[in-house]
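Order of writing sets the chain letters: A, B, C and D. Residues in each chain are counted from 1.
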Amino acid sequence: MHRYRFVLTRPLQFLPVLFGISVITFILVRLIPGDPARVILGTRATPTAIANIRAQYGLDEPLIAQYFYFLRNLAQGQMGRSILYKIDVLRLIGTRVEPTLVLVLASVVLSVLIAVPMAALAARNQGKAADQAVRIVSTLGIGFPPFWLGLMLIIVLSVQLSLFPVSGYGNTLADKLAHIALPSLTIALSLSAVLTRSLRVSMIAMLSSDIATAARARGMPERIVFWRHVFPNSLVPTINLLAVNIGWLIGGTVVVESVFAIPGMGQLLVRAIFSRDYMVVQGVAMAFACATVLVNFLADLATVAADPRIKL
Amino acid sequence: MSSTLLSVRDLSVSVRSEAAPRLLLDRVSLDLGRGEILGLVGESGSGKSLFCRSLVRLLPSRALVIDSGTVLLEGQDLLQASEADMLAVRGGRIGMIFQNPTSHLDPVMRVGDQIAEGIRFHQGLGKAAAREAALEILAQVGFPDPKRQYLSYPHEFSGGMRQRAMIGVALSCQPDILIADEPTTALDVTIQAQILRLLTEIRDRTRLSIILITHDLGVVAQTCDRIAVMRGGRVVEENTKRALLAAPGHAYTKALIASHPSIPARLSPVTTTEAKAASPLRPLLEVDDLHVSFPSGAGLFSGQPRVFNALNGVSLRVMPGETVGIVGESGSGKSTLARAILGLNPIASGHVAFEGSNLATQRNATLAKLRTDAAMVFQDPYNALNPRMTVGETLAEVLRVQNKVQPAQIKARIDELLDLVGLDRDFATRKPRSMSGGQCQRAGIARALAVDPKLIIADECVAALDVTIQAQIVDLFRDLQRKMNLTLLFIAHDLAIVRNLCERVVVMHHGKIVEEGRSADVFAMPSHAYTAALISAIPDIDPDRPLHALPLRRADSLRGMSSLSLQPST
Amino acid sequence: MARPAFTPGWSKAFGTNGALAAGSAILALFVLAALFAPLIAPYDPIAQDAAARLAAPSLLHPFGTDNFGRDILSRVIWGTRIDLQMAFFGVVFPFLIGTVVGTVAGFFGGVVDALLMRLIDIILAFPFLVLMLSIIAILGPGLSSFYIAMALVGWVSYARLVRAQILVLKTQDYAVAATSLGFGRLRIMFRHLLPNAIAGSVVFVMSDAVLVLLNGAAISYLGLGVQPPVAEWGVMVAEGQPFVTTAWWVTLFPGLSIVALAFGFSLLGDGLGQRLGVAE
Amino acid sequence: AGVLTIGRREDSTTFDPIKTAQNIDNWVFSNIFDVLVRVDPTGTKLVPGLAESWTVSEDGLTYTLKMRDAKFSDGAPVTAGDAAFSLLRVRDNPGSLWSDSYKVIDTATASDDKTLVVKLKTPSAPFLSTLALPNVSVLPQKVLESVGEEAFAEAPVGSGAFALKEWRRGDRVILEKNPNYWDADHVSLDGVEWISVPDDNTRMLNVQAGQLDAAIFVPFSRVAELQKDANLTVHLDPSTREDHLLINHEHGALAKKEVRQALDMAIDKQAVVDTVTFGLGTVANSYIPKGALYYYADNLKRPYDPEKAKQMLADAGASDLTLNYVVRAGDEVVEQTAVLLQQQLAKAGVTVNIQKVDPSQEWDMLVAGDYDVGVNYWTNDILDPDQKTTFVIGHDANNNYMTRYKNDAVKDLVAKARLEMDPAKREAMYVDLQRMAKEDVNWIDLYYSPYINVSRKGIENFTQNPLGRFLLEDTKKN
């Protein structure tokens, strides 16, 4: 079997996954008590106004018919209209994709940049003070809720030291990066903690592995043994962990987006859920699902690239 | 003997950390001459590997410390050398190859790069020059197409090729001394012969000194100049090869020599079968034109998955009470056959009949019969037992599920089984991890016997064991067979043992039976070229009966390798 | 971090496994706090005191008070009950479901496995928040909805872990041996394979417990955590948000409690890993 | 001069004024669209907007409004035709959320470019003040019809002080000064950016760090601290916000007036003011906000007396009252109120079970009557009390604002007050209504509170009128 053959077959597996997600989201959001018409009408809701809106968005039709329309639209590449924002859901999502994407990417890069040296430091000093310090720091990273951590970062780095903008999302690339720095650091602090723990364990295992012994027996200095042999061989489990966590991260940027006022999909999703903007919830859920599936696919690619033995 | 290159005096190593420090190497002294091959033999755990690792100060654990002694390499005491100096010594002066090339080669780095890495570091060559040198080394250790193999990853190689790559990596640093720690234990006899040839050839060419660790006396007899025997962390005996083999001084050495399988067996194989074969009994097991295949994937774009035929029309009859040996190189389909017989592998076509009941047509009935009347003993003793259950629990579970013994009698039966395989009764409360390999293997046999089977299939059940323990297990089988009229299918790639134990032997090659007959006949006069090659590759303990392995001119060795190497890697 | 007292019994039981000992000690402290909350908490955790609103830490109120004048130390102590319970139930159900599903998928392979793996893909790709909020909205807020949501999602990790192990283990000789000895499938799966496959999951339980607590805190941030006036750390941190810049103690102490518990769990996880031979 | 940056909780959802009922939208509209009639900065009287002047016929059915010379931001004149179009659109458009409020209009016509004639079906005292609602802003008929509703909702054209320059969805609305605004000379700012910063803390920190000029929705809890900051000004602008405890009159003992009165007495409103609003609110005694039209200052304030409340409950046979208290999740103030009231009611022997649900679900439960009590608030959209009165005690289609309150005398009086054109008589009627509502305890009035905003020093006239409109045309940035 060709190692990269899954590139051709895997996309076929996406379809049932996405289909499943569409069904579940559709059912789930409609099971939630609450009525979008009432939400947008607010305190002034009268029964006629409510009926009016429900009719406009087809909410008065039977569920099965609604699902059918949803599928039909989907087949035509459409996701319906937002009740709250009164525009096409795909367009709406289009305006929100970039910040979330940038945030997630930056967080991942930052996490890796933090995790690799930390794990290396800990693994190479296993059991010593440096190792304990890394363990404590990474536990702190996992233990503190991001909304608290984010706020502290703002207070110290933005308000007191004026190093970064307090919140928001910029215009130019440099501006965007400056704005995204703290939020991605917030995410990275917890994500890197998870990665560090995993990477440290694999590195420690690899350090005493036959591969490392063989390299040492060849007279390779510890630096080469570590970075050329131990490190590449420790990657695969961590890549997989990262993949699972990115899925979780993509769906979980909400809190950070809210703290840092990033106009991304997470905020859109929460607002849509709270106002029962069904089409938007479905659309965003599908978008998240696609992203997760894609990330997992990329992780598989990375795994196969990182370890020539692996076939999928 | 030429000038002394390495001189070890009173090397002691002990393990700390535990309550009382334990001495693992006890004042070991050894010398190694330039161009000499020193064989280091001894039972498992005697400290052979530890000794070699101490030379380059690469101990497997921080709990181990070198207490005292000197290791003089041309006058320089390696135990006092700085860590930086040691970097130059390791690889550059003393190279190592290991028993298990699979785990010692970096799986994610191209083989060529692993060789070039040492060259660049030790000889300071540039990228391109190192690459050239690496290609040269690949050719030296016998790779037919160095350019292609430079780019391969270790997993794309067969076991023999990997060991060659390992040797290449060690040679890349141009060491004066090569330490080979059980370089062939995991390999086939035929490939083992090639590797040993390669080593001696390199020694002849470059005056390399080699320390060869092994537990096979045959290997030392064939390759070494001098032999040191270790036991319990000490060198108990040391002498030139011939002198030591001819007149072993230490009792342990004597036992070692006596239990070597190439020594003609004192007991001849069980011979009662001839009478049985003549009797009108129907065969216990009949295998008829058996085919087993595994899907083996396809290319990136070609749709149809291909199949790999692991068994290609095997036919075999086994009479009750017979002992049949199955031999053949790795991957020839021995285990597949065993599993297919027991209904553990799907069969593509052909028949397996057990006591006249056909596995294909009456699957459930036959399986029921097999489960109660046949049992298997596995190759890896540790792996074959559930590590979380005590031996007693393991046996009790079988007895309970098989329902052949009254619940009240289970305890007694367990004791009986333990007695039978020669384990103390208190082993019932022990878990596999606290037992040695040989003890685990006995427990595995006890479990097979618990079924009270008519047929036992033993799949390489002694391959992983010490020669001395091997001998015990073989004796045990012989015993059991005599006492209980067991039918035994004995799979091994060690021909010597099969010759010793089995009256009939089946030789497999590429999923087919290429030869079959009485052991004595087959071993005396192999009719198939492949069988002949197998037999001649057995290292004999007699140094004057050298390996008849394929003559090691490079081209030949390559041809041999490709024909003997395992299934092609994708 | 609390320094656990090492009695000879301790060191015997835990050997050189310091992580296991320290982790257990931390956890034991929290369990004790939970058990004896009524005895050790200096105040009623929900009693309001208008005169002592947002009081800074003092001898009277070592952790200060919140905006209702409730004693934060007492609330932290009582919160231990809820949070330990959350960590426990938030993990137990996913663990049970996940191990069974993972075992079955890994053992049977084929169609069963393919279906279960797709299901897992779906759940992994499903935005957790949508599920969480939906379930809470459908069932009403409260711990049981939280547990149900955690169980619906959390089993996936365990299933993956166990399945991967089972896939390897079922090719091991002792599994083949079990088949050849005529053992039933259930016996092979749950008596022979699962016990050997479960160590990784047991270790993961410890990290998962922390994640569960954090999920609880995130839900509280969005306003759907435990019902007031019950003291729960995540809710306390979220409720203290308005005062972060003026009365730091309101968020800090419950936050630190989460960290301390998380630290205990991760030490215990590392220790168990060593013990069960998973890591290192 | 300069661009004023204002942080707020949420971004706008649309710029089509008839399709939204949310303050987040209205507060931005009112700066880019203009209305016929405006409310003055004190929130107590109507002043000319796009209509320079108006007359009302004797029978109160015909309104004739004289339009001023004004232009839309694209330079086209604002005509009476545009005004008529906008009025009829809000009444007739299927997507309009406000049609009910304008059903009273019979016809709206432009007798000439500058004269708008509106005929009503029945007299309506509050009609004129409904014209001040941002949702009936005058829109350019031509533009709207040529680009279509959807495009207009994203790139509107109005005649207000500012024009929409860019809308970054989810992030910010960028307004620039409208040079065609009829009073452009008075507008000092070059533009305004409404920036969404959902987290309260972050929003405040932005202003403290000088990255925003101003922020709205300052939590009560932050006021004292922000006031200490010399760089900031905290604005406490009078509002029409009134917080109250809804009571479901159909649930068991709550149907009894005495029980409701007992609850009123069991609640220490001053404590709520102190704890929840940090002393920034004032205790409420009427459903009409303090300072608003016809507010009855002398209305009854039931004393806080848990003992008496307990006694009254016992007398009414409700001594073991248990209440299901629905709380909107995510609203700090509402949650805190709940925790406080729970404790207070306990002193009168009432058990309160708090049920926290998300806002949309809360709404559902309130509408369905699936609750006993719950806190809510109201801010007036229009000057006239009729709108709120009708919703709250007018016995219209909305179950008296979900309370299921019933009192026919009140019902009749609300209808009568709507038709009464004499201000003095109307005022008397509303005083009666406030009294009757208090007597019946239709709900429990809790407190009034100001709009709280913060701006950097150097920002002048950053004010919000009691109806919520930001008077940005007056704001200066130095």
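Note that a residue touches a chain if its C-beta (ideal position, glycine included) is under 8 Å from a C-beta of that chain, and two chains touch if they have at least 3 such contacts.
Because the structure is a prediction, the values reported are computed rather than measured.
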Winner on C-beta contact pairs when C-D is weighed against A-D: A-D
For subunit C paired with subunit D, centre-to-centre distance based on mean C-alpha positions, whole Å: 45
Computed distance of Cα centres, subunit D from subunit A, in Å: 38
Centre distance in Å when subunit A and subunit B are each reduced to the mean of their C-alpha atoms: 49
In subunit C, residues with contacts to at least two other chains: 133, 137, 222, 241, 244-245
Residues of subunit D touching at least two other chains: 201, 205, 330, 358, 361
Contacts with two or more other chains, residues of subunit A listed in rising order: 32-34, 147, 151, 155, 273
Chains grouped in pairs wherever the two touch, ordered by label: A-B, A-C, A-D, B-C, C-D
Residues of subunit C that touch subunit B when the two form their complex: 172-174, 176-184, 187, 191-192, 195-196
In the complex with subunit A, residue positions of subunit D that touch it: 10-11, 13-14, 16, 19-22, 94-95, 97-101, 150, 153-154, 168-171, 195-199, 201-203, 205-206, 208-209, 211, 330, 358-361, 363-365, 367, 376, 378, 391, 396-398, 401
Complex interface listing, subunit C residues touching subunit D: 46, 48, 50, 53, 67-68, 133, 136-137, 140-141, 222-224, 227-229, 239, 241-246
Residues on subunit B engaged by subunit A in the complex (per definition of touch): 56, 58, 60-61, 86-92, 95-96, 98, 100, 103-109, 117-118, 121-122, 153, 155, 166, 169-170, 172-173, 296-301, 305, 570
Contact set on subunit A toward subunit D in their complex: 32-36, 38-49, 52-53, 56, 84-87, 92, 95-96, 147, 151, 154-155, 158-159, 162, 165-169, 258-261, 263-264, 267-268, 271, 273-276
